[in-house]
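Both complexes shown next keep chain A, but they swap its partner, so chain B is in the first and chain C is in the second.
Right after this comes the complex of A and B.
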């Protein structure tokens, strides 16, 4: 069962990637800043896909969509 | 006070989206997806109860369970399509949202064909030979 925690987790990762991106960019490491952003987005996408799968299976069972 | 949970969740999520959106718009989109999923999962037990009540009523009225099943499938498809299309539209992709809605309409139409055929059959029975 997905819970409210996941929203805080995603927001935390978002703020963290924003900060890391800014710091790395100011340090002149553009490529690493881009990579950090990409990593953050991938992690969040991973979580979101998991809860989306949960949502789809719940809808399938409730509305008998087979 | 379940409604309090949902409203509070929505307000918190909105604030977090506003914080994240300026720097990382892509994560803001995923955050709103997650919020939608969590709200729906909170409602899931109640929706299941409502569906159960309607199934019981249909059985008591002697309704063909095939038709009721089709109606539930249509509701499920519409909900899912609306969910996806709304997220695409929020992210500024109106074109993709419209394609999702088109697909949902076609699928609903296909599911509705048995009902349409049944109506036509009964009409033909009414017609004099």
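Right after this comes the complex of A and C.
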């Protein structure tokens, strides 16, 4: 069961990724900045996909689809 | 709960310290290069105006306390000056923040110094000094660009790890 915690976690990763992106961009390392953003997005996507999978399985059980 | 908090603080402190350490290496490289250029200038002056023999100059420099000056202290006796100096350089590099590029310039200097006449020695020293000055300019701009970045990234990486594992 996903709790409210995950939302704060995602928000935290978002803020940190934004800061890292800005810092790297200011230092002229644009490629690394985009890589950092991509890493942040992938981590969040990984969490969200797990929660989505949970949601889908619950919907299946609610509507007795299997 | 408190244990978690302590762990989080330690992680951030650890990666932050790592960031500061790496940042300091950049600054130390610049300082070491400046010191090295000063030392080579000193060698040039001693050679040109006082015609002091090279082993004497090296011994005088090695008396100073900095790690860069200690590079010039030849410990093993009985070897030719070039071989001794090269060995001293190779042993002392790990105590300085000098990188491969300037190490190679120094090793070239060790190989050639003391083998030809005074005029040639001066040319060699001028060449080495020019190379080192070029490296110094580059390392200064590199340090200017990277020190702040590495400091920030250290702390941010710690915060990221804490967020990921908490």
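The rule is short, and it goes like this: the second predicted complex is superposed on the first by the 66 of 66 C-alpha atoms of A that agree within 3 Å, B and C clash if a C-alpha of one lies under 4 Å from a C-alpha of the other, contacts with A are read in each partner's own complex, and residues count from 1 in each chain.
Operating definition for what follows: a residue touches a chain if its C-beta (ideal position, glycine included) is under 8 Å from a C-beta of that chain, and two chains touch if they have at least 3 such contacts.
All of these numbers come straight from a predicted model, not from anything done at the bench.
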{"item": "Room on chain A for both chain B and chain C (clash or fit)", "value": "fit"}
{"item": "Chain B versus chain C as contact partner of A:38, first or second or both or neither", "value": "neither"}
{"item": "First, second, both or neither for A:4, with chain B first and chain C second", "value": "first"}
{"item": "Residues of chain A touched, compared between chain B and chain C (which is higher)", "value": "B"}
{"item": "Partner chain in contact with A:13 - chain B first, chain C second, else both or neither", "value": "both"}
{"item": "First, second, both or neither for A:58, with chain B first and chain C second", "value": "first"}
{"item": "Minimal inter-chain CA distance - chain C and chain B, angstrom", "value": "15"}
{"item": "Shared contact residues on chain A - chain B and chain C", "value": "13"}
{"item": "Interfacial residue positions of chain B with respect to chain A in the complex", "value": "9, 12-13, 16-17, 19-20, 23-24, 26-28, 30-31, 33-35, 37-38, 40-41, 44, 47-48, 51, 69, 72-73, 75-77, 79-80"}
{"item": "Chain B partner contacts - residues on chain A that touch it in the complex", "value": "1-4, 6-8, 10-11, 13-15, 17-18, 21-22, 37, 40-41, 44-45, 47-48, 51-52, 54-56, 58-60, 62-65"}
{"item": "Residue ranges of chain A in contact with chain C within the complex", "value": "9, 12-13, 16, 19-20, 23-24, 26-29, 43"}
{"item": "Chain A partner contacts - residues on chain C that touch it in the complex", "value": "145-146, 148-149, 152-153, 156, 159-160, 163-164, 166"}
